[in-house]
């Protein structure tokens, strides 16, 4: 389905230790639901509060974009896929909405096609700041797929501390 | 896929106000994840604490059954579908595991095919007690589909109280 | 899931903390059975006061220990005040064969009274 | 999501409680704009101390009010101590044009000091 390719999100060829797929309609009240599901899924790794908040925020941005830009408040389904690795999570948010014409422009800080809705144009920038890698694939008239990777550095720190304690 | 039919769960022809589908591998640590997802999804209706606990318990039983009886701890995917109505929720848990030969026997209180695992044989009875309707469909070698309906009576009570207050 | 033990005479008090489902049940069973084989254990009190969730896997665990303890003529009691878990104990029939108390202290007192007779 | 208002002179203090995302933003915007058109409002303090979550929709709301208030030569300040939300205010550039305080009292004191000059 997808054409253009920006960024390089990928957790490599490792097998995930757990995964989930969530499908839900593009309703704004599902933004908080998607956040809860993603946060609850990654908590099995016991990441730091900050890492949890980072993922919640990035998921919120990607799902909100699918609702207001992808489907423009029309009906449609959003798919969120989480692949959990022992040190990271890859979260993909997919819509089959209108798609993005110019991905590079869309990713610019402050760029928004909906200033009338008081969008800040910071959605992609937030995802990039709060996650470690963000890949955007999109085709006009087909839809958009945003893939985000987050490393849980806190787990490494914990491991290191546990080792030093011995 | 399904053949036999027990019980009569169905929320009628009404259109759900929201819905979700969750797909996850048959790992026991996803039992609590499935509970969180179902509880978080239905909380948008603001049910009572007891109703929330009822649904969490029933979901736990259905998902556990899919893992230990359906897939017998082998790999496989479980699908949970929640259809939310303004006064109720219909939750379906589907596995593509070994299936149930005799549904009537399986639903008997205390019947279990795994007494060695210290299963109590009370799973289906719990679902029936805690939910308002439970339908079980299954085909040997194909899988099992458990559909559970829960009415949120507390919402009606709230409405009534709100009216009386006026 | 956490399992904590304490002893009052020959009573083993098993305090369960967290959510007791099938996933947790293997660990819980292993921990309890490790304590049960000690010769000091004759009776068991399950303190469920700190469980925030339990499903029929918990019923299986309690019934399993009930059978083992009955064989050595011991007693089992449960302390629980969570409405949802009480409902589960009720419908499973456990409350017909095992005494249920609102807290662990009451269970200990009653059991010491009975076993001392 | 809850929005609570209080006034200190010509300062409108907007206390946001809950999670501020796109879903909540329509309601929040309507509530705030209803208070902003009152002639008593010249300056605004956004008190985010009771927000447990905010994403870029919150940035949009604050920037929108900032533009409106700037037009009448008013001031805007934000009170916030949540690390995640501070990170968001920082990266969005809001902290370059709007002063951020650790709590609402400090924001009020500073703003009264400035506006009284």
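Per-chain residue numbering starts at 1, and chain names A, B, C and D are given in the order in which the chains are listed.
In this text, contacts are C-beta pairs under 8 Å (C-beta built on N, C-alpha and C of every residue); 3 or more make two chains touch, one makes a residue touch a chain.
The shown structure was predicted, so the numbers you read here are calculated from the model rather than taken from an experiment.
Taking each chain's centre as the mean of its CA atoms, D is the chain most distant from chain B.
The centroid of the Cα atoms in chain A and the matching centroid in chain C are 44 Å apart.
Between the CA-based centres of chain A and chain D the separation comes to 27 Å, rounded to the whole angstrom. Contact of a single residue of chain A with at least two other chains is seen at positions 29.
Listed by chain label, the pairs that touch are A-B, A-D, B-C. Across the interface of their complex, chain B is touched by residues 19, 21-23, 25, 29, 53, 55-57, 59-61, 63-64, 83-84, 87-88, 91-92 of chain C.
Across the complex, chain C is touched by residues 28-29, 31-32, 35, 50, 53-54, 56-57, 60-61, 64, 67-68, 117-120, 122-123, 125-126, 129-130 of chain B.
Only residues 18-25, 27, 29-30, 33, 36-37, 40-41, 44 of chain B touch chain A when the two sit together in their complex.
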